[in-house]
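As written, the chain order gives the labels A, B, C, D and E, with residue 1 at the start of each chain.
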């Protein structure tokens, strides 16, 4: 169909299941059929650079801004945010259940040398995690690999590994709630503002890649920030919990 | 030593492949004492009959009964020399050692008797040639050596001298006659009526899958019963 | 273990209920893989036979390299194909990326080595039998290849089936060049990978079981049609 | 295209500089795969020969099923092994999950079908030659298997090499059971997948090139040692 | 029609495999007119010599020169019957049709002449049997039919009658003699001295890879030059 466009998104976004709500709605309102490519953050941006997708939806501010500065994207539009949460064994050796601040949590994990699974794939989630460690005054490079397990894998795979090792892990709430292989893991700590996780849409620059359907991606952008979309996002919930907070500023659809 | 395998009784035995009858129904008995020669035109069923006796072909109907009741004994005590020699992808020597090693004969001993046997069939010097490289005649000789080295009670030979030179043929025939003296029972096929006359004690004549005669050799040569046999023998160029 | 039992019943239900989505990706899996196998066979079988009959100087090296290429990691194949088909790549204009065609291309590359290698091996044995005769009759090299392929057709089934197996179960490459887009390039294996990522093991396993069932049925079918392993056939 | 060129030079530098990390994962890749191939061969070769010599009633079905299992999706194998080895699984106590051992187990399962299938095929041809003789000499079934395996050893190389290829390039299963943990279970293919996810295609390709080079060298080595494809050898 | 291939000159030709000399050095000439028979003990090198002439073995040293300069012509105009018949995994009929179809003979025509040839070698009725199932003798007959069906100028036969029955042997010999009358040149090996006497016009005697004689048949039978030959001939059982 003429009105199909390709959107590269991160695993964490797709795992949330929100896309299953939005895609049909988009088709309904705009007639655009959005084809999702679910890949790692880095790969998503790479696809963008190569001009193989028309838009990118990720959550890694620095990387996104660089992408714009390099001129691959025309605009970065914040759509919504959700939050990262600390998952860990129900036994909770590091006593995360009682702490709110991410830094404290990480410090006590390190102190108790409790196994911790790191994405280690330079995805948005991983970048956030490393910055948090830094904030806690710890350098991931120097952490002892006997408990700090850097697994290079996507969100789902990493959660599987954590559940297999009964280890702590930093995940986005959406992925966790939709995750079926919870095993003996539980949601332990959340709420620290530093854990907020901003999603943004990058529309590609047609000057770099003439074939890009910038028209459609503009439409998509406009739709995502529209009343209806923002409402859909805000009301999407899994077992009683809302996952995303829409925070789009109105953009002039020029 | 006297063979415990013979007499062999064939009772209405039939071998057929996809509805084509290759041999039979055959009802006869092959008795001890002296070589039995199976003769007949190409495609008569000689090879098939030998294979049936040896147990390589299953009787579609009827059966083959050995004097010896223990079937494993029966198997162990026979050797077969195929019309188209089957060479293991090994040296000539290893081909002859193989059956011995299967029977758990110690290496050194096996090698010794293998070498002796290779010499007797006139292959001295080719021990280390790969069996698959041997010439037609050499391969046939090697097959015979491999068959004899296990000292079988019953020896089944399918045209063993077909592509041997005169000298070799005499050697092999001598070997066969010696074996007979040692009490080894022999059933063989041949197209060489001269050879049949020289060696046969009994003649089995096959024609188009049917067994037409199984008689004492002299009688057969004097006057065959069936006129197929007569024509076959007259057809001979001597 | 619970997962495995759950998977079995789930697979059963998926099949008996002719789940529409399932049928769709099953169909896509089959059409992609079969196309790949057909194309690869058209290239691989003659080539495999050709190396068997041809005694050129670097024969051993060619064979060694082909064997080595059986080890091509699907992901790498996927990457190369991606780069070639990418809009910024040489064949970008064809706009094949993230289409089933791209997946077929990747699979052809992946299964060619194994097809060639197995073909070469089974042809080699037959060639050893036929060699003298075919040379003596004065066959052209091409005639030899045709004769050998024809008379060894039963043995070549193994090659083709091995290729099919490798292709139907492959995920790394087609994930990259196909993109696992719902209703467009999603096939059984990519769906399995997706569900695994969601931690939904029983569904992932169920899909795996479906895939195996398909493969088994197909193999039985082919074996029965081609009467392999029957007494007295070659 | 730029990626590909970049990859080539990068691969070159990685190799000449004996990059420590690279050497580590290369070494792990090899030790895991070789162990898997050895174990699978010990099981697969005799079994493949056994089906060739044994004429049991459901022979054709067993063969068809083994061929089908060549299509086992690695991800599925990975899942099953994961479930079996996970704490809650029957073998949880062994604590093998996310260890190289687990990866070996998964790979053995993945390459067994192809090993068996190719072995069966090449043995079958030799068995057709030997059949009458071996029966006549009164070999036990086991003696037949040994004899055939021994005399067909050259042809069996293809089987083993195919297994090696399949194992060294495999990623889906070992990713799940190994976890691609840095310095513990990271091997070439999982590293490639990781870099791909990061979007660093040129590094991913470079690693792929390294892997192929290793496979080629190894194949050449084996071919040379075993003198296959030489005039007049069997 | 007269063959354009002969005479064949062998110049210091040697065939050797891993340092073992199988034939040669041989310097001689095989001239047109009547069958040339290569005789000699097993392993003498008869098959190898035939294969060398046919081009299946490369001369390690020396060369083989045909009267006909065009090498492709030389190839096309020869047929070879192997000592160990090579059967294509097809029906007997398709085996004989095969060489014709290669030469682009139309299907119907090919089938016709194939059937005719099959009948001439006495395989009528076995057309549809799979060639690999044929009996030893039948296979040999089929190989001969396949060789003759292309009407070669030069026919190379390696012990063509080794495992044929008397009748079949006479038929094949008749076929050969007919071929000779039709101007087909024939070079063959045999272990059957009777056959050699009946058919041979020239005799080549090989012994341990060396060519000891290449003479007119009668002369050879009267008194062989080399005493190896003499012993070989005396060794005969007639």
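The rule is simple: a contact is a pair of C-beta atoms (placed from the backbone, for glycine too) under 8 Å apart; a residue touches a chain by one contact, two chains touch by 3 or more.
Everything numeric in this text was worked out from a predicted model, so none of it was measured.
Considering the contact criterion stated above, the chains in touch with chain A and with chain B alike are D. Touch-path distance (fewest steps) from chain D to chain E is 2. Of all residue numbers used where chain C meets chain D, over half belong to both copies. The two sides are thus made of the same residues.
By C-beta contact pairs, the most connected chain pair is C-D. When chain centres are defined as mean Cα coordinates, A lies farthest from chain E. Between chain A and chain E the centroid-to-centroid distance comes to 82 Å (mean Cα coordinates, whole Å). Once the centre of each chain is set as its mean CA position, chain B and chain E turn out to be 28 Å apart. In this assembly, the C-alpha centroid of chain C lies 17 Å from the C-alpha centroid of chain D. Between chain A and chain C, the centres computed from C-alpha atoms are 36 Å apart.
Each of the following residues of chain C touches two or more other chains: 89, 196, 201. Across the assembly, chain A contributes 154, 157, 160 as residues in contact with two or more other chains. Shared contact sites, meaning residues of chain B that touch two or more other chains, fall at 17. Taken pair by pair, the chains that touch are A-C, A-D, B-D, B-E, C-D, C-E.
Residue ranges on chain A touching chain C, taken from their complex, read 6, 11, 15, 35-38, 50-52, 154-157, 159-160, 163, 178-182, 209, 211. Within the complex formed with chain A, the chain C residues making contact are 86-89, 92, 95, 97-98, 179-182, 184, 194, 196-201.
By the touch criterion stated above, chain B contacts chain E in their complex at residues 17, 40-43, 47, 83-84, 126, 133-138, 141, 159, 162-170, 191, 193-194, 232, 235-237. Interface residues of chain C facing chain E in the complex, by the touch rule stated above, are 129-130, 132-133, 135-139, 143, 147, 151, 234.
Residues of chain D touching chain C in their complex: 1, 3-4, 59-61, 63-65, 67-76, 78-80, 82-83, 88-90, 113-114, 117-118, 121-122, 125, 155, 158, 161-162, 164-166, 168-172, 176, 188-189, 192-193, 196, 201, 204-205, 208-209, 211-212, 215-216, 218-220, 222-224, 228-230.
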